[in-house]
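Here come two complexes built around chain A, the first alongside chain B, the second alongside chain C.
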Partner chain A sequence: MESHSLKRPTRRVFLSSVAMTLVAAGAGPALARSFSGLLPWQEGVANPPLQVRPGGWLFLTPEEVATMEAVVDRLVPADDLSIGGKEAGCVVYLDRQLAGTYGTSGRLYTSGPFLPGLPTQGYQAAATPSQRYRAGIAALNAFTRDAKGGKRFAELSPEDQDALLKEMEAGKVALPNKVDAKGFFNLMLSNAMEGFFADPIYGGNKDMASWKMLGFPGARYDYRDHVSKHNQPYPLPPVSIAGSTDWMAK
Partner chain B sequence: MKQLFLSLTLAAATLSGGHAFAQAPDQADEIIRGHYQALLTDCAACHTKAGAKPLSGGAPLHTPFGDLIPPNITPDRETGIGKWTKEEFRSALKQGVGHDGKRLYPAMPYPAYTKMSDQDVDDLWSYIQTVEPVSNAVEANQLPFPFNIRLSMLGWNMLNFTPGEFKPDPAKSPEWNRGAYIVEGAGHCGTCHTPKNLTGADKDGVTLQGASLQGWYAPNITGNTHIGVGSWSDEEIVQYLKTGQNSHSIASGPMREAVQESTSMLSDADLKAIAVYIKSVDGGPSDKPKAVAADDPHMKAGGMIYHDTCSACHGLEGKGAKQLFPALAGSPLVQQPSAETLTHLVLYGSQGATTAAAPTTPSMPALGWRLNDQQVADVLTYIRNSWGNAAAAVAPADVKDKR
Partner chain C sequence: MTTILPRKDVVIVGLGWTGAILAQELTDEGLDVLAIERGPWRDTSTDFNIGYAQDELRYAIRRDLFLQPATEAMTMRNNLSQTALPMREYGSFLPGSGVGGAGVHWNGHTWRFFNTDFKIADNLTQRYGADRVSELQLQNWGVESAELEKHYDKFEYLAGISGKAGNINGQIQPGGNPFEDPRSREYPLPPLDMTYAPTLFAEATRSLGLHPFPTPAANVSRDYINPLGIAMGQCTMCGFCERFGCANYSKSSAQTTILPVLMKKKNFEVRTDSEVLRIELDASGKNARGVTYVNTSGEEFFQPADMVLLCAYGLHNVRLMLLSGIGQPYDPNTGEGTVGRNYCYQTNAGAQVFFDDKNFNPFVAAGALGQTLDDYNGDAFDHGGLDFVGGAGINCIPTNGRPIQTRPTPPGTPRWGKDWKQATVNAYKSTLSFSAQGSSYPTRGNYLDLDPTYKDRFGRPLLRVTFDFPDNDIRMSNWVSDRMEEIAKSFGAKQYVNTRRKKGWDSVPYQSTHNTGGAVMGEDSKTSSVNKYLQSWDVSNLFVIGASAFAHNAGKNPTGTVGALAYHTADAIRQQYLRNPGQPLVSA
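And then the complex of A and B:
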């Protein structure tokens, strides 16, 4: 009954839980604080996300930028519905994320053992997202240089780019340096979607373009006045964490 | 049996080293009454620093003339008031002249305490004798020249100070007189709520009509029905002082501390007396100013900001939610002549008072990071002029000053 692949994560979960228990027991008094009488609160403290400003690149090299701009423009092409991924700032979003804790897996448990895991468990290897992009983009361009007549990915025609991305998605391409083409495609797709749909404060979704396309009202949190209005479109424009142009007196 | 009782009493007297027990029974009464006086006068508000031992010296008071540090008033002989006599203590509270004839600055509210009865001041003295002596030297006078010359207070007193105990008004009820005695005397409400003249003394004829201090605006708390508490019932005022909140408002800023340390621990009868008295105080004209027009561009922008940022808690109609989110519609605080408190609340947030009856402590988040000066001004102009509210528009420069 027990399959090998099912047993491994169980062992890992077990080890993690033992580790957690030890940490919790050892550092218990330091971690646990009790409050009575008054909830802790400090004046003027908000800890908001920082507004990403376009301009300059913090992690990606110019060649990587050109490659990723080509990729996001194929994943989110400019059409009747919306602007394209490049114009929406998906690569700005990606660059800032890779330069931050996401890029270094700074907020993940990333010590070994590194085992393949099940597809439902997501990425399980040691490389951080920033390492995967550096290796993945280099492998992609090395592949096109050899297979597509010396051209880099960004220099291919949109049709050729689509075809290659589809092959990567299907796992039919063997990229150099053992880069997992399918895994890298999925990583780029996830991050492109995040950049396109996340709050503009993180650098993508320029002017809330994707939210306007979908009719998503944005960073609002109270719809009591609209709950009973069935089959009626929500009348208000989207609002970002950073605000809205309607907040300026005209 | 009688002998057993006697020996038990003796044993108790021997065992207890505490001041209260060692003194005669009538002094215990005095000390208990004195403790209540200490709640009324709220000595701790100024004389106890956060986290420090009671009355061992306070955090600096930032006055328009410079900083003053409330001294150590524990019975410590070297650094407190342990060498003072009862007469010197009485003179300090009621005449503004302390130990060795040293003149106090009126940041110490002797112009209010002068109205206290000798009995109440003496009780307070008895209580302070029981406080743990703490050695903590405080240099109270941090004022720059010429304000650092204590003798200058002689002149100040000639101009501004009328010593003398509270005189009851026989035409009014005992309750009203008790309220007036507390509010004008030990409670020293006017120290914050009465506008000050150029020398920092209470202005005449505008008692309790609202004043600015320490980055907040202490609102009008008179019978004015528009911006005072004239539209609140006595019960609502009592509830506010007792619990820190009522269906109109939640205490925050300096008033939060006043509620927590003082008013929440006063007797219901005294709170009712306070309510009766302050509602009888003339609060200036109750006429509403003309509201800023709803189609003003700043009102429109303010309305959008309100909808996107504030309405989830305070409601689209500004009605708030009882016990959690103060109502803005019809709120006297929102319609004060000065928007200083509102600006502070929006920029830095605030936590409501916590009391035994209302321990939830709802808090307002700081929004200074999300709104620029113009936007803070516009949303304040909007809440001050919507749902029947009417008050002066707020300018971005007023917000900039508070950052």
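And then the complex of A and C:
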């Protein structure tokens, strides 16, 4: 087995009938490879997720953090069923997502021309999620400063926050700088739900709070002993990709 | 500069289900076969790793295993009067990428189409008159069920399908689908053990006089060793099937059923992360010389070959034909031309039943673990007094309880806040969902071509999808939704809701990755791109294999028929084509 870390596979590599050229993990974009004569497998190329750890912010500014913590606590309020969105880590989740490929639309088709589309054609603007949050949060706070006696969104009462979020959801509020209030609300809502319900490894869903609330067992991966137990509660608590927080030092 | 490589007997574009089947069959014939795959190499232990395969965010939301729009997007519009715009994020359908293709992350519903599908134009015209189908562009496929039976059988045994036969050599079998055409033998494996919701659905629909049966599943119900000697392990009902690779070797795919044998062969090679730019023709335009492809360093290669097999996803097969100037592009204004013709989709509708006193444990699930009834599918029922043709399979197949996406709530529930949370908790375990997977019939205006504006990273035009649900299909879906409402009502639960299909195909919410047609098979070279053996009418050493060959789409998942057609093609190449290479198997 040959192993190449060169960016350009040589022609010889392609012509060798049993050549198997592999590229060291992390060497940048995947390179063309040729496989023949055996089922290729290489150690060290699996790509497990990285554990997000709270502490510090990679994308959001302090004011943006304060705003989003207030927002996620209204979208997912703390009550008898679960902790709230802030404590669950939904903003930590959001910050790490915005700092990565998601924030830059790295996976998406981002070539122009950018034309206004029909609803059936989906999102057609050029702004990436990270740009939309930067502009959207600024517009939201500018709006509340004007309309709510100089207060930022996070300083409003929960009732006033709920009322404003409902107006955004319904598209009934015009935010400054032509920010699409309804579109921005939907973006915040979908990201908050992702953070709250995703595996805790991504920074939200602290202690599997949402999974415990629903009774979702998480990453168990084998239910053969329960499939025929119709209408009976599943007995085991959830586990995440990283196991259970009960097993770890706090 | 293009590097010219040594000749191969066969070059295959795309190493998913069909590419792997054709490669396996043609290397058995002693041919020297090369597959060129745009995406990466993928194997179970590395890429569907049991340590983190259960990651909904990564695989279902960010779609780690799928074709990324940055690599190739498509544009869409509902009709000719609109300007198509790119789907910047895939939504309504999600094409695959990489070795194994979309066969890596499918659910595993494995169907045979009806004979009345393959003979659709003859059957519907004879039964209901030409007027009934005049708004549609229906055409026969050029094959019949009896001819495909052994190929369906071969695919089902390769893949270890778990199910219950409904008709063995004309004998109706209790517990199976009484509407299916005759099959030669039982499924290789018995049905999966049923979860609670489909069990309840089967009881309810049976008491209405309907005929539910276990959905044929590519999630193996028992340990299985397939005819190639490859072992699969019993499905654990983990609830991470569609959008995920299987870490248990339980879901049939090229990885779990073919590649361990194929990859050992000295006369097979795959080049990954290499994208075919076009098929090259000789001066006559009637023979493919090979393909030009580019690797991730941007280097171009010309790979000469005696035969070219297009085995990419159906939509990509069509695009590569258009980009290579093969066949006459379809013109929706005149109805002439073949490439891009008869693009079809799936006409789906849904129902949810909300109970107070049930626990369905939705996370105990497999992609194809459930019950189906075909009483309202295809032409299994009399349309004499109705105003449409076609139908839908009714499926109760709860595939998962993954909480980012699967959180049903009753109508009127807010999307956030305290009331949302309480309603979500109440409904999570106690909601029974079922759906109608409806047929999709061709019209003159639904088609595929190259977009005039938007380009891919190599400067090639994107594929343009022009599609809306035909009026016939909307009438069909509404009638089926009425039947679903009868079923939903019969449960006697506190509440149910029906989601009906409306005009205006929306590319945003996920619906189905069952895109069919565009390079359809048929009897007439004026209305089809390929003959009954999926050989191009125009370029005799080119075969185009996949759901691109479907002349319409049935109310069933396509993979079983795609697999059968792949074996049908392989058989024709081995038994007929190789005796007289380069010649048409059917004269135009």
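The rule we apply is simple: the second predicted complex is superposed on the first by the 200 of 250 C-alpha atoms of A that agree within 3 Å, B and C clash if a C-alpha of one lies under 4 Å from a C-alpha of the other, contacts with A are read in each partner's own complex, and residues count from 1 in each chain.
We take it that contacts are C-beta pairs under 8 Å (C-beta built on N, C-alpha and C of every residue); 3 or more make two chains touch, one makes a residue touch a chain.
Only a predicted model underlies this, so the values are computations on that prediction, with no experimental measurement involved.
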item: Partner chain(s) touched by A:Y221 [first = chain B, second = chain C, both, neither]; value: both
item: Partner chain(s) touched by A:F153 [first = chain B, second = chain C, both, neither]; value: neither
item: Partner chain in contact with A:F59 - chain B first, chain C second, else both or neither; value: neither
item: Partner chain(s) touched by A:V45 [first = chain B, second = chain C, both, neither]; value: both
item: First, second, both or neither for A:G37, with chain B first and chain C second; value: both
item: First (chain B), second (chain C), both or neither touched by A:S244; value: first
item: Contacts of A:P77 with chain B and chain C, given as first, second, both or neither; value: second
item: Touched partner set for A:L236, first chain B, second chain C, both or neither; value: first
item: Partner touching more residues of chain A, whether chain B or chain C; value: C
item: On chain A, the residue positions that both chain B and chain C contact, one per complex; value: 37-39, 41, 45-46, 48, 220-222, 241
item: Of chain B, residues touching chain A in the complex; value: 297-298, 300-301, 304-305, 307-308, 311-312, 316, 347-351, 354, 359, 361, 363, 365-371, 374-375, 378
item: Complex contacts: residues of chain C adjacent to chain A; value: 3, 5-6, 40-41, 43, 45-47, 49-58, 61-63, 68-70, 73, 76-78, 82-83, 85-89, 91, 193-196, 199, 234, 236-240, 247-248, 259-260, 263-266, 268-274, 295-297, 299, 301, 358-361, 363-364, 401-404, 407, 415-418, 421-422, 424-425, 428-429, 453-455, 504-508
item: Of chain A, residues touching chain B in the complex; value: 37-39, 41, 43-46, 48, 220-222, 225, 236, 239, 241-244, 246-250
item: Partner chain C, residues of chain A touching it in the complex; value: 7-9, 11, 14-15, 17-18, 29-42, 45-46, 48-49, 74-77, 79, 81-82, 101-102, 105-111, 113, 115, 117-124, 162, 165, 169, 189, 192-194, 197-199, 201-202, 210-211, 213-224, 226-228, 230-234, 241
